[in-house]
């Protein structure tokens, strides 16, 4: 399961996509919208993607994990558009026969998503906005 | 949230118990009943606990995690009784401002549960049973 | 000499082998966890190999071999844990 | 000399600064990713600081500075990624 979605992410769907009686361990990671970042109060976030390349990169991560941890299945879903506080921006589920692989694959997936998948996050504050990772900010 | 339960574990309840807008990361671990163990085909499992001590130990783990990773909340639930293939035996959710702490706390919790919480697992095969970790096995 | 009364709880493989979940036992004052296990191995030889692999908890805390059990203690015989 | 036609896509801070999501551009054969960025920085000085932090993707794969862009390529200007 690989998805870029404008809809709310349901962890149960991620779990169902990878679970199975051949696996004894399932690790799930959820990134959620936090109310503060580097000392500033965050009101909401907006995510934008280069969709076809982002989907390709997510699929590469999925294939890479299946090769590095045989028997491990992952589901990778990233939300796009505007998100309120507490909402899930990214969801990763990894099921494996054993827990070492489930944890390692889940961790690897989120690190790779943050490194190579073309998705961008914009923070909205009471007095401005900022594309995270860019030096500039502006008052809206 | 600390529970020993005879009912099906719902991951959504675990997530809801720890999630919040002060957290940007949530790690969940599910132990599930696998259809094989050390080469033998498993039909079902049964879990037994020394309940009051197991609850105490789970609470100690929860407190220890709050101290070691400030701002991190964990929910710890273990199923007891008979479980079929694919069912969830243990569920851990850890929410934290940042993902390093969420992953570390979640991993720590499952390792500690396996080390110090008095719970025992019995495997049922087609031709016998075994308390896991005991040398003996017997044909039922 | 007045004896100490213990409540002993058994679990998992040991419980099944002994066929009992709980028993009351009178022991001499000064009896340690190690001495209790020695006595149980002697009285229940069919469970002796299993009892060689256990830990002892007193009042819901793991105790060392040399721990002296007190009157009224709830003592649990803890086989190798296998939760998760 | 026939020129190569590129389709250039912009995202996030760069897209907002330029006010454009996509443009068609004709470049001389042999134009590399680095040369394209240099040209964009020259033509859009208001976005030059942002364009100093980007990577280039051609046909949905990241490419090196020295990568030569081909006729018909879909070129994406990728600001620092911040998904997750």
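General observations
So that you can tell them apart, the chains are marked A, B, C and D in the order they are listed, and the count of residues begins at 1 in each.
Note that in this section a residue touches a chain if its C-beta (ideal position, glycine included) is under 8 Å from a C-beta of that chain, and two chains touch if they have at least 3 such contacts.
Predicted model only: the values in this text are computed from it and were never measured.
Of all chains in the assembly, none touches chain B and also chain C. The remaining chains, considered with chain B omitted and nothing else moved, group by touching as follows: A, D | C.
Note: the chain lying farthest from chain B is D, by mean C-alpha position.
Centres computed as Cα averages put chain C at a distance of 74 Å from chain D. In this assembly, the C-alpha centroid of chain A lies 50 Å from the C-alpha centroid of chain C.
Centre-to-centre separation of chain A and chain D, using mean CA positions: 26 Å.
For chain C, the set of residues that touch two or more other chains is empty. In chain B, 31, 110 are the positions where the chain touches two or more neighbouring chains simultaneously.
Under the contact rule stated at the top, the pairs of chains that touch are A-B, A-D, B-C. On the chain B side of its complex with chain A, the touching residues are 11-12, 15, 19-36, 85-86, 95, 97, 99, 102-103, 106-107, 110.
Residues 9, 11-13, 16, 49-50, 53, 57, 60-62, 76, 78-84 of chain C are the ones that touch chain B when the two sit in their complex.
Note for the complex: chain A touches chain D at residues 31, 47-50, 52-54, 56, 78, 89-90, 110, 113-122, 131-136.
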